[in-house]
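Each of the next two complexes has chain A plus one other chain: chain B in the first, chain C in the second.
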Partner chain A sequence: MASLSVSKTPPPASAAPRATPAGSTGSTRRGPRRRVREAVTAYAFLTPAVLLFLALGLYTLGYGLALSGATWNGFSPEWTWVGLDNYLDLLYRSPVYAPIVRSAALHTLVVMIAVPLLTVAISFPLAVLLNNAARLRTMMRTVFFLPYVTSGIAVYLAWQYVLRPDGGVNALLRALGLGTLAQPQGFLGNPATALPTVIVVMVWTAVPVGMLLYLTGLQSLDPAMLEAASLDGAGWWRTNMHIAWPLLRPITAAVILLNLREALQGFQTFLVMTGPEGAPGGKTNVLGLQAYHLAFLEQMQPTLGLASALGWLLFLIAILLAALNLRALRSTT
Partner chain B sequence: MHLYYGRHGRRAATAAAMAALLLPLAACGGSGKSAGDGKSITMWTFKQSHVKPLQDAAARFKDQTGISVTIQAVTPDDAYTAKLQSAAKTNGLPDVLEVHTQGEDFVYGGAGLLTDLSDKVDASWTRGMVPSVRKAGVVTPRLEAASKKPGSAYPGVKAGARYSVPFTIGTFGIVYANKAKLAEAGVSSVPKTWEDLVAAVKATTKKDKRKGGITVGLGTASTGLNWALQPMAFGALGKAGYQGLFGRDSGKTWASPNGQKVLSLYDKLTPYWAPGAQSLSIDAADRSFAQGDAAFDIGGTFTLASLRQFGMKPDEVEAFPIPAPKGGKATDRSLAAFSLTSLAVTTQSKNEAADLKWLRFLAKPDVAGTFAKAATDLPAVDLGDNPVRVVGPTLASLTKVFSSGSQVYDPNDTSFMPAQYPANWEKAGAALVNMSPLKRSSPRETGKQLDTLIKNYWAAGK
Partner chain C sequence: MTTPTTTMTPSTAGGVPARVRPAHGRPRSGKPLLPRVIVYTLLLCYAVVSLFPFAWMVSGSLKSDQDMRDPGAFVPHHPTLEILTHTWSQLDFLSYFLNSLKVTGLTVLGVLVLYSLAAYAFGVLRFPGRTVLYRFFVALLFVPSVTVLLPIVLLENEAGLLGTHLGLILPLINGTAPLSILLLTTAMAGVPRELREAATMDGAGELRTFLQVYLPSIRPALVTVAMLTAIPTWNEYLLTRVSLTEPTAFTLPIALQNLTTSGVPQYNVLMAGALIVVLPVIILFTCLQRYFVNGLIGAVKG
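Here is the complex of A and B:
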């Protein structure tokens, strides 16, 4: 009873504890100090990341942008400022570099069209099949994801060996009686097959991620909707193509965007498989590889500025493509 | 589980977190800096085959002087360039560098990264070198003048400065033939003319279509141009005719009858390239030859070291220079030895006296001979009248192709070419690869493409 009477008697206003935003009952004198301390701690943890971003992000971005307006061989103490000359030289003005950049741009365009489309064309059906697989689904998912986790220089080198004139692919084709499809010069040595071959390897590397994204999307679809379609008489094809596929459009956009970026800026596959000059005879030279070549393989000519300018042109194209992709996505969802 | 941190504990945790984040940054510099006490120096090289022989020499050097030398290799060339760029920026260059002569030495020297050794490398030092390379690495007035033009690769070089000392020498345009494959194909003598070479490759290819051809690392497109076409063209046209190919007179350039003649001769190799040669790097081509995938391999004197590295014994190969065609204007043409790699002291070194002692030590005849034999590379040091005794028969046989005089093809002489051409010849090489082995263009079209490129370089140099 005593406690009840106490509860009914309101305490003096001055003695009432003030509720903190977090609902705690800490004293009014300790609150701000604690908040300051927490803020300091938070900033202390954030500072390294901010410093790293400033040093490795903003500084290098600014440095790269400035470099694109200069000629420099990477060693001289001074840069020679040339304004927009590097951009103009790459785009049309230099009789030495413009034709090479044009040829590399054409190859890049082919890669940018082929890799995303083929990745989507293979990933989606693969994901649908995996989603419907009743048995061994986990094992098959692991097998299909293997190219992604094993990707790297060693895998590209392995591909290079397999694709040689006396490599495994030719041997297999001959063993299967398909010798006419074998490439006596190797799949990377024939100018007609070199670029398509690298595209196939890029798609092989990209499919696992695409497949996983589609699989995640398929598993998040409302089963009731698919069931309703089935009850309405829609078969396997109509269910996937007219219900699942449109609903997974955002994932398709993401897969396309990821692969466009890789096709536009990635060059390591080409560097390892066909060399820094895009052999044979420049037939696999792409813009990313050309930027690398201008930076490190021009016999120390002052072409670092050209390399940087090409990098910025690639960046602008990437931004433009991302914007177009997002716009397309927004208009269809 | 709840962890309680007091005020000091939190501060300590914050400091530890920051330190953990920042320490790895400090550790990833990869600096070549040595102590600066004159007792230990560091040297970087881009040639893996030089590492062990240099380490052996360093062990002898330490015994004699007490100075230890750490040798580090950074390969391939683009990684070496990138490493040097970052090291130069972060004051992390080593004491001594091995560089391509008249390449990186001028670039780094002009940038103030290499010590001018002109007052240290005196006649008593250069006297022991092969005569043709004694002045290699010294900046000429012509080079200084060219360095002031826009787009020069060597801004800042000063006439008379010496930024490096020759270390290894050699030349391009050496053909290596697999003796066993020659014997199997019935080729009994070393080709004396270009036509003999084509006939020999035809014979070995007929014997073994897949593994009887000729190879070179055409993935680096300039190799076919520099190592085969140019020495052959010199033999066919003589010095004046050869130099005319790169000139401004369209009556003498690649599209002219002279140019068409040598391009057509080169095109005769087209059916006999080893499968896939067009996509191989230089090392990969050497490896494929060493593994028996080709009967012939085109390279330079330095190729022997690669072949040995890939498991081929020097006595398994026959080495001879790219021959001149029958009826050529310089059929008795020989090849000039030039300095391939040099040694340089960086301006960031605090051990200059020890660095110079090391360079001088490597220039001693006995040390150079031991190095050469172990590295299968020819030293800049004159091996005397009996090189066989010093470096063995195969390596010594390569010195026989060297000569001097008017009928000598010197791959290093680019004085008659547009200034920017030598640094861009892989672009000309790509045009040649499209003709042979790719068969994508005819000699006529290739001649026109080469002329356009060269014309553009002349225009750019104005």
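Here is the complex of A and C:
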């Protein structure tokens, strides 16, 4: 049974070191001096990583937290302390930012529901199919993996290109006789289709990893069990939906967690494909993009505190989700 | 319907008993669960979906300016390599390419050195505070990048690092800490303890054991971490966009972005640039995918 260390955060090496009973024989007995030396070595080995983290991680986290309680435009010498005002402004008080944040939150929520569900709904069947295909499996896996490997501005520009009014998707739809589905404004230009389109591209990027995780899970299942089920008269559908699917629940949990995290925090797809404003008309604005916008694209406006506060709100949601996911995982395994 | 001869309850919906009954109605056991034709047709369909934008990227990059007047045509009327070579030479893609290579290479190197050392401590050695420190590092996985992006830029601005390649490399290394430590520690902990004991008996110090026993044993995990670092770093856009201002320091994604901001986007030039960006990653992945996929699988199986 595949268990996922990614989401369980187990104490490392819990099995390995304790498997050697300390002091079973004279030669492996660990004296206090040796233990001290081991600890000193460990700290020495950890020093570079910890130093880098102290400089970049801890300092920036503290700095960001402090900034979230201030008003600053990035240039003036002084911060103005405002306490929790930034948070309250974002949540409900500011007539300018609160509505923007609310609509961005709504879009983010849609993305957080749609992307994980669609990713699971596509990658599980795909893994089942791939598992049934003995031939071409390696080649197919390479092809299916390309969207993940190349995810970045280059591929998003290619998507932009094919989604244009005179682009490849419309051309394909017309060629297939589905011209009514074609978007004369382009899929990203029509306010009604822009967000669903970006979601499709995000799912397209996320499917490879989901598929690989499911494929791994399927290959770790006991083939005799599936064989038995099929001999038992269970059809293809029942074998997969009633036997494989429940057994792979930890993998589903991991795929959902990975994509929830990406849906909540990732905004690169939105930035590249629909611009920093979330065009058209803010229809594709999400919380991450809004925070980026407040931080870097407001010119001289004193919005850096707001940007920090929004970043920390995202962090709180992420922690909450991780805790929920961990609990769900514990109750199913 | 024949009832089972044992005391087992008649099979209820959903609960398929996992035991072999005497086969009836199914003559042979090796029969595929789903006809091959359907399997391969569906797989092929998804392969088309996977390749769709890449195919158009290639088609676009081969189009002449004249062909761009008929953008809906997949096959260019007058295919030409001119746009590709033009984009490569005129726009100085070579120097951007080298910048990208430098940033990616040094980031991967830094990640491998720093976090395999840390992972050895976490996975092999025992010391006070191990569990707490490890959990702390892994928990950082949940810090959104946008939360730390602004403070990093402000900090680097004060330190004079903003706009330099080092100013990109250091945060990028630090950003991979949670996942790299997680994967490498799992791999380190999986190396048989006896190897270390044997090395100690031979008089090898901790550093030599690490270098000569552990690093070679976890090579698949190292490749996986290298790939998981190299791919996003090669494509990194968010931090790079707000920190690099000097055109000579630009990496490929930023150079590509610049092609879109200069007036009306010329998609044949854009797709040529995009192709130049993705090709190295595709080649690297195709060459290393066996290690990469196996390492990922090993890490997941835990």
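FYI, the second predicted complex is superposed on the first by the 287 of 333 C-alpha atoms of A that agree within 3 Å, B and C clash if a C-alpha of one lies under 4 Å from a C-alpha of the other, contacts with A are read in each partner's own complex, and residues count from 1 in each chain.
One rule holds for everything that comes next: a residue touches a chain if its C-beta (ideal position, glycine included) is under 8 Å from a C-beta of that chain, and two chains touch if they have at least 3 such contacts.
What you are looking at is a predicted structure, and each value in this text was computed from that prediction instead of being measured.
By the touch criterion defined above, A:166 reaches both chain B and chain C.
In the superposition on chain A, no contact is made by A:81 with either chain B or chain C.
Ranking chain B and chain C by residues of chain A touched puts C first.
Touch criterion not met for A:92: it reaches neither chain B nor chain C. In the superposed pair of complexes, A:52 makes contact with chain B and with chain C alike. In the superposition on chain A, A:143 makes contact with chain C only, while chain B stays out of contact range.
Of the two partner chains, chain C is the only one that A:272 touches; chain B does not reach it. With both structures placed on the common chain, the touch criterion links A:41 to chain B and to chain C. Once the two complexes are overlaid on chain A, the chain A residues touched by chain B in the first and by chain C in the second are 41, 45, 48-49, 52, 74, 164, 166, 296.
Taken in their complex, chain C has these residues touching chain A: 11, 14-21, 23, 25-26, 29, 31-34, 36, 39-40, 42-43, 46-47, 49-54, 56-57, 60, 71-74, 113-115, 117-118, 120-128, 130-131, 133-135, 137-155, 170-171, 173-174, 177, 181-182, 185-186, 188-191, 193, 197, 201, 206, 210, 231-232, 234-238, 242, 253, 256-257, 260, 267, 270-271, 273-275, 277-278, 281-282, 285-286, 289, 293, 296-297, 299-302.
Touching chain A in their complex are the following residues of chain B: 7, 10, 14, 17-18, 21-22, 25, 77-78, 81-82, 84-85, 88, 103-104, 107-108, 110-113, 150-153, 155-156, 210, 218-221, 275-281, 293, 420, 422-424, 426-427, 430, 433-434, 437-438, 440, 452-453, 456-457, 459-460.
Note for the complex: chain A touches chain C at residues 2-6, 9-17, 19-20, 27-28, 35, 38-39, 41-43, 45-46, 48-50, 52-53, 55-57, 59-61, 63-64, 67, 74, 126, 129-130, 132-133, 136, 140-155, 157-159, 161-162, 164, 166-168, 170-171, 174, 204, 212-213, 216, 220, 225, 227-236, 238-239, 242-243, 254, 261, 264-265, 267-268, 271-272, 288, 291-292, 295-296, 304, 307-308, 311-312, 314-315, 318-319, 322.
Chain A contributes residues 37, 41, 44-45, 47-49, 52, 71, 73-77, 80, 95-96, 100, 164-166, 184-186, 188-189, 191, 194, 274-277, 279-282, 296-302 to its touches with chain B in the complex.
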